[in-house]
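Following are the structures in question.
The same chain A turns up in both complexes below, where it pairs with chain B and then with chain C.
The block that comes next holds the complex of A and B.
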């Protein structure tokens, strides 16, 4: 079950062994603690404390974004795809809100050349 | 001001109405159709590529949110938008370009946000969407997206003439500590630099817009209030009819520009 909102993208056709670029966009205000709302009162700091991506049972990406990162952070990283697996993104912010976003990465077997 | 454009406008008024307008509007267009430029063309290549990126454009997050809200049943009646309006693709196409408009019967000028809020409180019985709330912005963007690519076009309602006139005079009025009018920047100085920014034409065809300065999605009203702050003028209260009239004038002024959402601006 997804919690929060994120977008994940990788190439459409992946063959086992390919190194693929993963693009990730997470919806989060990343309030630094120095901003004000429309009424002029200070918005309490609320940034992502950590964010992890797990492909299958292996953690492939971890970041602790802190307050220097813009709202709705965007990340890119590369992974070697070996077999079809779920990419699970998890994160937690200052308010203790936990997010989770899951998407299936489909990987086809490499065709061995015929005799 | 191109003669052809003026002629077209005149023809338009005649078509719409031959007398439906008791008095033809006295407004003259300052920008010919071929001179209209979306704010995107005044932006830098980084902003342009972010808007064009079908994955990384942050507005898409709100679009996804709007999509899930469209089918979400809420309130005592347990109604979703979809229960009344059906699928967005059919029912909402061309809806966003009709705003701001006057409700049938009586009432003041409303924009799309007002209409959505009214639907939510009156039909669904939930009043949780204030101005600039994430839900309201997401739904506004979602509905607007159904009209993507359609040109801005004022609805041919004769009652709009007086509001259009009011919006036009507001656009021309110098105000604030800097004593500037909208027209002085966006008509007379467009394309020139204001510090590091290019002055745009102030076109309303990308709203609600993701603005990097805001780090979030925001409405046209919020953008107008930014300009008010910029010229150090006192903004009208949220939801003020003046802002609707100004938006109406902007829509008329930009008639012909295609809607581009989700838009990104600096």
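The block that comes next holds the complex of A and C.
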């Protein structure tokens, strides 16, 4: 099941062997720990400690952000697609809240030229 | 006119100061990284050498090939798009294992660390960072051979990300 909110995007038609650009947006406030609220009290730091993307059995991307990453973190990375598989995004923040987002990446076989 | 403090009182005050500063130093050593990070002064900036020492360690780092794309003038420091590309065949033998983004002025030097590998197909990442004022941004790629490649970009920020009380 999905926990938290994220958006994963990649091109519509993926052929086996393609290097695919993956775009990932995660909903998270990324409080730096230096900001204050309206009452003037400091908002405790709450940033993503780590975020991983797994395609099938292979971990294809990992990022360890700090307070230097903007709110609602956005990442673009590349992955070589070999066969259809589930992309699973997991993350954890300072409050110990874990998130998970799963989406199917459909990959078609490369067409070999006919005889 | 206030009376001059006696020698005894003066010594007591100095002792107290000495103790307090020792206790302060002790507490600082115990503080987690992101708390200690704030000690960097506002007008103080890390040099490229400082930043490289943090992540490259003893390995050689060359300013070669890496492309770091970031706007030269950012109106808003809370959201600055950054993109890093490291030329590499991304094969089993020769690939990029990590990409680091470092800041010369942010309270926390390391903006993010990315883990890549031969499965990536291309050593390129993009993200959006926060910048606490005009500064230098450094992108460093660590190769599977252990060598490092980096690039530095100068960013002018009109409105810093760390002026928040809204």
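Simple rule for what comes next: the second predicted complex is superposed on the first by the 115 of 115 C-alpha atoms of A that agree within 3 Å, B and C clash if a C-alpha of one lies under 4 Å from a C-alpha of the other, contacts with A are read in each partner's own complex, and residues count from 1 in each chain.
Following the convention adopted for this analysis, a residue touches a chain if its C-beta (ideal position, glycine included) is under 8 Å from a C-beta of that chain, and two chains touch if they have at least 3 such contacts.
Just so it is clear, the structure is predicted and the values come from calculations on it, not from any experiment.
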- Identify the partner contact of A:70: answer first if only chain B is touched, second if only chain C is, both if each is, neither if none is. both
- Task: Using the touch definition from the top, say if A:5 reaches chain B (first), chain C (second), both or neither.
- Result: first
- Query: Which partner, chain B or chain C, touches the larger number of chain A residues?
  - Reply: C
- Taking the superposition as given, does A:19 touch the first partner, chain B, the second, chain C, both, or neither? second
- Message: After the superposition on A, what does A:34 contact: first (chain B), second (chain C), both or neither?
- Response: second
- Message: Taking the stated contact definition, name every residue in chain A that is touched by chain B in one complex and by chain C in the other, in rising order.
- Response: 70-71, 74
- Which bits of chain B are touching chain A when the two form their complex? 55-56, 58, 60-61, 64-65, 132, 212, 215-216
- Touching chain C in the complex: which residues of chain A? 19-20, 32-36, 40, 45, 55, 58, 60-71, 73-80
- Residue ranges of chain A in contact with chain B within the complex: 5, 7, 9, 23, 25, 27, 29-30, 38, 70-72, 74
- Which part of chain C faces chain A closely enough to touch in the complex? 34, 38, 78-80, 83, 101, 103, 106-108, 110-117, 119-122, 124-131, 161-162, 164-165
